[in-house]
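Just passing along the structure, written as C-alpha cells.
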Amino acid sequence: MHIITWLARRVGAAAILLWLVATVIFIAIRFIPGDPAEAIMGGPGSQASAEALEAAREQYHLNEPILVQYGLYLGKLATGDLGTSYAQHRPVAQVMAEMLPATLQLTLIALVIAWLIAFVMAAIAARSSRIGQAMGTIIEVIAAAIPHFWLGAMLIIIFSTWLGWLPAVDTGTVQGIILPAVTLAIPLSGFLAQLMRDSLLTAMNSPFALAARARGASEGQVFFRHGFRHAALPALNLTGWAVAASISGAVVVEEVFARPGLGRSLLGAVLSRDMPMVTGIALFSALIYMVVMLVVETIEAFINPAAARGDDQ
Amino acid sequence: MTRTGKFLAGVFVALIAVAALFPSLLAPGSPLAVHPAEAFESPSLRHPFGTDESGRDIYTRVVHGTADSLTIGLAATGLGMGIAVVLGIITAFAPRWIDSVILRGLEVLYAIPTLLMALIIIAFTGPGTTPAIIAVGLSTAPGYARLIRTHLRTLVNSEMFDAATVLGHSTWRKVRNHLVPNTLTTLLALVTLGIGQAVIWASALSFLGLGTPPPAPEWGAMLASGRTYLHFAWWMTVFPGLAIVTVAAGATLLGRSVTRRST
Amino acid sequence: GCGDSGSTQDEAAGDPQSGGTLIYASGDAEPDCLDPHYGGNYPQGLISTQYLETLFTKNEDGETVPWLAESSEVSEDGLTHTITLTDGITFHDGTPLTSEAIKANIEHLQDPDTASSTGFLAVQKVEEVELVDDLTAELHLSAPDNALEESLSMHWTAIQSPDALARDVQENCEAPIGTGPFQVDSWDREQQINLVRNEDYVLPVEDPERENDLAYLDGITWRLIPEAATRYAALQSGEVHIIDNAQPDTIQSADNANIGHLDSPRPGASNRIELNSSQAPFDDQLVREAFIRAVDVDGGIQALFFDTAPRSHSLLSSVESLGYSDDALFYRDVDEANDLLDEAGWTDRDDDDVRMKDGERLEIVMPVSTNQSVPAEQSLFEQFQAQASEVGFDMQINLLDLSSWYAALAEHNYNLVSAPYTKVGPSVLRILYHSSSIEPAPSGYFANNAQVDIPELDEILIQAEETPDGAERADLYEQAQQMVLEDFYVLPLYDQQNHFLYTADVQGMGEASAIAAPEYYNVWLTQ
Amino acid sequence: MSQAAVEVKNLSVSFPGHGKSVIEAVKNVSFKLTPGKALGIVGESGSGKSVTARALLGLAGGQVTADVLNILGTDARKLPDAQWRELRGGKVAMILQDALNSLDPLRPIHREIADALPLARKARKHAAVEALRRVEMPNPTVRADQRSPQLSGGMRQRALIAQAMIGNPAVVVADEATTALDTRLTRLVLDQLHELTTQGIALAIISHDLAQIAQVADEIIVMRHGEIVEAGLTDQILERPSHDYTKQLLAAVPAGVPRFVPLAREVSQGATPQAGLPRSEASRKATDELAVEVTGLSKTFGDHVAVDDVSLSIGKGATLGLVGESGSGKTTTARMILGLTAPDTGTVHIFGEQFTPAKEIERRALRDRIGAIYQDPLASFDPRYSVSQILINALSQGTTSRARQYRKRAEELLETVELDSSVLSRYPRELSGGQRQRLAIARALAPEPDILILDEPVSALDVSVQATVLDLLDRIQLETATSYLFITHDLAVVEHMSDTIAVMTNGQLVETGIAEQILNHPRHTYTQELMAAAPTWGINRAS
C-alpha cells in the first residue's frame, strides 16, 4: 500500500475514533447527576438564584433539545472550540494549552526513562543465570506493582530529604522533572521489561541468533543486531497503552510533586463537575493516544515492514 | 516453578486467605480501636509495624485491611471481567459488523486513560468504596475485553475447533468442550494479573480521596493518611505500601505461573 | 501581629537587603478568585494581604487602628462613621485613592453579583456611603455597629480600585488592583500566582525604620503544593522559602532542622465542632452533652498536634480579648455520656451496638472538608468517631471537597461540622450564632452551623454590637458565650491553626495583618 | 586422500538432563572432512547430527570432549570464544537446519548475509548482492533489501547458502538444507551444494533422507542414538549396507516403491506381520462410485485468488494425490472440501449428496463420512485433553470425554493405528511426532469415515517414521476401502500413495490423471518441470 494512502486511512480512523470519544463523553456527561448550570455557578453549595441559573443555561445552550446541543457541541469541536470551563470561566482550549506541555513533557520523559530501565533490566536478566532470571522476574513484577503515589513519596524521602540531591517539587529546571518522571517510569518499566525479556530471550535463543553466532558474531553483536529489535517490538506495541497509563499516572504524580498539568486539572475538573474541562481533557488524552499509536505504527512499519503491509508473518 | 517456589506461593496464598477471611487469627486486636496516648510509636515487639496517628496498631490494620483491599480488587476485576467476557463473546461470535462496532467502541474506551475514566465514573457516583469498585471495574473492562476477544477468536479459528467441526460436533458442544475450559484458564490468569492492578488503581483512588473513606483499614486509604507523616513516621507509609506491592506482585506472579502452565 | 520566633534571627542577619523573589508554598486550595470580596475565605485573605490594603488594621496590642484611613469618627448615635483617607496613595493602576473608593468597595461587597460572603456580612449594616469630599466619606448604618472598624480591618473588605471593580467579575478575579506593596503580575493556574513589587508603593503610616517605602522583595512566587509531605520536603531542600499549613509533626521537628516557625493564630472563632441543633438527635441537649462527654479531645490534640495547638475551651480565638472560656464544661466521662443517652431515651441497641430510640439509630453525620481540615484534624475526628461509637453513636465521617462540603451544609445534611470562621473581633459571635445567620448569604453560605436559634441570645448579640460602652460590650459578649457553651452547641478544640515554616534565609518574619495573615513587606532574603 | 580440513576423533557431547541425569547426545563420533569432498551424515531425528555439526563451530552448547578436534590445523578443543569467532563464518560456515527461521525477520537479508564481512557498508551490500546472484536468487538486487518473511522457503534457503559462502570458507556444513522444500527447489539447492565441492570446499551435508544425500555425498556416515552405526563410501552404503538400521533407512524411502508395498520393513524379519507383501491393486474392491465430487471451486482472499475453478473427484477406496508448490492453494482446496472455508463458487458432493454449499446443520449427517488429518496434528488437539479424552470425545460425538463405555472402542482405535494403549493417559504434547500423527489418524477414524482428507500428513516426519505412517494409511485403505485426498509436495510420497494425481499451481488445477501417466508422461509444462527436478534414485532395494 502506498504510504500516503496508508497514512490517510490511519488519520481517517483516528478522526472517527475522536468523534466517537466525543460522543461517548457527551452522552456520559448528560447522565451525570446534578444540574450543569449549578456547576457553572460554582457548585451545588453556591445556591445560585433561579435567574442566575437560567442565565447560565441560556449562555451554555442547556435549554436546547439534546440533539441540538449535540450538534452545537460537535460543531464547536470541529472548529477546535472546546467550550468554556465552568470552574475557571476561561476557554478550555486555553487552559489545556497551558497544562498540556507540562504533562506531555512529563509523560514523554517518563516513557523514555521507562524504556531505558526496561531495556537494561531485560538485557541483564536475559543474560544471567536461572537464579538471575528468577530475580529479574521478581524485580520486574514488583516494579510493576508499586503504586505511583507511594513510590513518589519514597523517592522524595530518599532523594530530597535524606540525600538532598533532587528537588521534591517542580522547579522548572531539569532536576525538577527527574523524580516525577522516574516515579512515573518505574512501574511502567516493570511492565515493559517483562514483555521485553520474554521476547529478548526468545530472540537470543532463536535459530537466527544461532545463525549469527555461526557466522562469527559476538554476543554483543547478536544482542544489538537481533535481540534488541525483537525485544523492542512488543514493547513498542504496548506504548500506546503505556502513554494512556502514564496519563493516568500523571494524575497522581502531578498531585504528589505539585506539578501543573492535565492530570491535576482533570482531578480538579472532576471534583468541581467542570464538564467542558473533563471533556477537553478526555478528548486530548484520546488524541494523544492516537497520535502515539500512529507514531508507534510508523516505527513498527520501519522495523518490520512486512507486518505493516499485512504480508505473511 | 520450582518446588520451593510452589511452596512459597502456597504459603503466600494461604496467608492472604487467612488474613482476608479470618484476620483475627493473625491479628486479634481491633483495627479501629484508637489509643491517642500510643500514637506514632515506631515498630516494636508490641507493635511490629508501629502505630498510627491515633495509636491504632498498623499491623492489625494491615491484616484487617486485606479483606477490604482484596474485596475491592476482586470485585473490580470480577466486574471488569464479567463485562469483558460478555463483550468478548459477542465480538468473537457475532456477525462481522457487530464485532467491528463493538471493537470500535472498545478502542474508544481504551483510548481514554483508566484513571480518567475512573474519575469520570466517580463524577457520576461520588466517592466511596462501591464507586471505586465500579470505576476500576468499568475502566479496566475494555482492556480485558480485547484480550478475551483475541483469545476466543484464536480458539474459534484454531485447528482444534476445525477438527471438532470435521467430526460433526455441534457448535454448542464445541463451545462446551473446548472454548469454555480453555478460556477459563486464560481468564484465571487474567484475573490474578488483574487483581493486583485493581488493588493499585483502587488505592490510587483512595489516595486521591475518592476511594474507601477512613477509618476503614483499606491499604490505599492508610497510605493516603500516612503520607502526611512521611517525614516523621515512615512506618505508617511503608507497611501498607508494602502490603499493596506484595499482594499486587504476588498476584501477578501467580498469574504468570498460571499462564505458563496453561501453554 | 506577633512575631515570636522571627525576631531573634533579625539581629544576627544584619541590615535588610533588597532583592530576590520569595517562594511561598501554599497547601490551601487554589482560590477561585484573587479578589477577596468574592466569596471571602482565608486563602484569599492570605494572598490578598500582599497586594491589597484595608482601611484599618490591628496594632501589636490588638487594638484597631487606621491604615489607609487617616482617621475615623463615630457619631453619637453610632449610626454614622466618618472615615478620612490618607492622602497621596495611588492604586496599582495609577488612579489615586479617594473617598469614591470606599463607596465603590462597599457597594461592590453588597452587590449580589459579587457573591460575597464574609465581606458582605461585615458591611451588612452599612446603608449608604456618602462622599463628603475627595478623601472623606460618611458611612450611614442601619443600626449602630461597634465592630465596623474591626470588620474593615479584614482583607475581605480590602480597598480596590473603583475602575478595576467596574470590570467584569471574572476579570477582576484574575488580577485585583489595590494599593499594597506587591501587585499581581500573573496567575499560572494550578501552579503559581506571581506577585511583583509595587514600585510606587506609599506606606500609609510612617515607619521610622524604613528609608524608602518599597518592599525589599522583588516579588513573591505563590506556589500551590497541596501535598503536605511534598511541601515540607520542598522547604527542607530549600526549593521554597515559606510554607503554610505546616503539619504538627514537621513543626515539632523544624527546630532541629534550622527552620523558622511562625505561629499566627487566626482571630475570630476558635476551631470547634458545631452540633446541628436543628435536627435529631442533636436537637436534644442531652445528646449533645453526651457526645461531648464521650470524646477525648485533650488526648487527641496532644498526640496529633505535638504541643503546637493548646486546647481551647472558648468560642473565640485566644487572640480575641473578649473571649470567654469555661474549662469545667468540657471533660471526658464515658459513664456520664452513657447515662445522658439513657436519659434521653436512646436505650435500645442494634446488632452493631448502636443505640436506638423508637426504631431510629443514633446516627450522626459529619461532613469534613479536606480543604479546610488538615490531616491531623481529620485524624482527630476519626478518633472521636471511634470514641463516640463506644457509647453507641454511629458517627459517619464524609470527607468532601470544598464544593461538596458546602453543598452538604446547604442541604442541612450534617449533624456535626467543623467550619472555620475568621473575623476580627468578637462580633463574629453574631455571625455564628444569631438566628438570622441560618439564612444563607448571597454566596450560599450560612454561618450559624449549630443552628442556634435563641431569641434571647439574638438580642444580646445585637445589643453587644450596638452599645457604645466597652464594658457593657464585654459583659454582653460573655453572657452570649456562656449561653452557647453551656447548652453544648459547640465543642471547642483549639485556635484556628496558622503555622508557617520558613528557611533560615528568610528574615524579618513576624508581621501579620489583622486577620493574622503574614505580611512580607518587611521580609527580606539573605543572599 | 588429501590433507583433511577437519578431523574429529571420539567426539562426545552431553547435556545436563532432568535432575542429575545427563543426555549423551553424541557419543564417540569420528570422521574427517576433506577439501573438495562431501561427507553425508544421515540418521533419524534426534540422532545427534545437528549437535555434531554445531560442535565444529564450537556452538554445540553442551559438554564437549574429543580426542582430536582439529579444524583447519587448529586444535579446537580448548579454543577461547574470540578465536572460535575467527573460525566461524570466515573459515567454517554453516547452513543451519531451520532455514525458515535462520534469517532475522526484522533485518534485510543483505545485512544478514554480509554483516560479518570486514568491509565498508556499501561494499558489504554489494558483496551480498553478488553472493545472492551466485546462488541464482532471482532479482538479487531487489531481494537483498527484503526481509525473510517476504521470501519463499526456497529463497530463504538460498539466502542462507549465500550467507555461508560469502566469507569464502574452507569448510561448509549444511544441516538439512532441503527439508521443507518442494522437489524443484530441493534439486536446485542440492546442485548448488554440489557446486561447492567442485570449488574445493570441504562439505558436510546432513539429512535424515539417505536418498537425498546420495546425490551429493562422496562418503556417508549413518548415525543413530548419537553413535555412528555405519560409515563408508556412498556407493558402498547404498548398494551394500551392512547394518540393519541402514537397510531400514534405505527401505523407508518411498521413491519407486509400488503402491501398498510396505516401506517400514523390519529388515531382519523380512516383512511386517500385518502387510502380506506385496499386495496388488487387484486385491482392492474396485467400484466406480464417486466418494467426492468437486466442481468449480474458487476462493479469493482479498484480491488474491487462492483457488481458481478447481474440479476433481475421488473414487471410492481410491487415493487422489494433490501436489503443487507452496501457496498453490492445496490447503484451501482441502478446507473447502471439508466445509471449513466457504467457497466463493463451486459445489462439493459427498457420495452424491450435496455437502457444499449447505448449512452446517444439513451437513452434519454427512460429517461422519469424512475425516481429516493435518500437517501439524498437535494444533488440532485440545491441549487439555489426554489421548483417551481425545478419542472418547470423538467417539461420543462430543457429548463426553470420559464415559467408560467408549473406552474399549478407543483402545481398538489405538490398535488400528498401532499405538500401545499405554498412551491413553498421556497428553498429545508428550507423544513423538509419529505417535501424534497416528493419534490424529485414530481420531479421524472414530466415526468410521469413508473419506479422509490428508493435508501433508507426513511432511514433518523423518523418513523412517514417515514410512510407518504411510504403511498404516495403506493398510487402512485396504481394509476399509476409505478414499483419500492426499496432499503433499513430495513426489516420491505421492507416487507411492496415489491412484490418480492432481497438480496445482497458482490456485489452478493444471493436470489430473492416472498416477502412472502423470509421473511418466506429464503433459503440462509445470508438471514436466516438476518431474524433471525429481531426484533419480540409484538405490539397491534388495536386502
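Order as written gives the chain letters A, B, C and D; numbering starts at 1 within each chain.
As a convention for this text, contacts are C-beta pairs under 8 Å (C-beta built on N, C-alpha and C of every residue); 3 or more make two chains touch, one makes a residue touch a chain.
Chain by chain, the UniProt names read as follows: A, B = Peptide/nickel transport system permease protein; D = Peptide/nickel transport system ATP-binding protein.
Bear in mind the structure is a predicted one, so any value in this text is a computation, not a measurement.
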item: Chain whose Cα centroid lies nearest the overall Cα centroid; value: A
item: Chain pair showing more contacts of the two, B-C and A-B; value: A-B
item: Subunit B and subunit C: spacing of chain centres that average the CA atoms, whole Å; value: 44
item: Distance between the centres, which are taken as Cα means, of subunit B and subunit A, whole angstrom; value: 21
item: Approximate Å spacing (C-alpha centroids) for the pair subunit B, subunit D; value: 48
item: Where subunit A and subunit C are represented by their mean Cα positions, the distance between them in whole Å; value: 41
item: Residue numbers of subunit B (touch at least two other chains); value: 227, 230-231
item: Per-residue multi-chain contacts in subunit D, two or more chains; value: none
item: Two or more partner chains touched - positions in subunit C; value: 227, 229, 233, 236, 401, 404
item: Residues of subunit B touching subunit A in the complex; value: 5, 104-105, 107-116, 119-120, 122-124, 143, 196, 200, 203-204, 207-208, 220, 223-224, 227, 230-231, 234, 237-238, 241, 244-246, 248-249, 252-253, 256
item: Of subunit B, residues touching subunit C in the complex; value: 32-34, 36-37, 39-40, 53-55, 126-127, 209, 213-215, 225, 227-233
item: Subunit A-touching residues of subunit D, taken from the complex the two chains share; value: 54, 57, 59, 81, 85-90, 93-94, 96-98, 101-107, 111-112, 115-116, 147, 149-150, 160, 163-164, 167
item: Subunit B-touching residues of subunit D, taken from the complex the two chains share; value: 335, 338-340, 360, 363-364, 367-368, 370-372, 374, 376, 379-384, 393-394, 397-399, 401, 443-444, 446-447
item: Parts of subunit A lying in touch with subunit B, wherever the complex brings them together; value: 16-17, 20-21, 24-25, 28, 31-33, 134, 137-138, 141-142, 144-150, 153-154, 156-157, 161, 241, 244-245, 247-249, 251-252, 255, 266-267, 270, 273, 278, 281-282, 285-286, 289-290
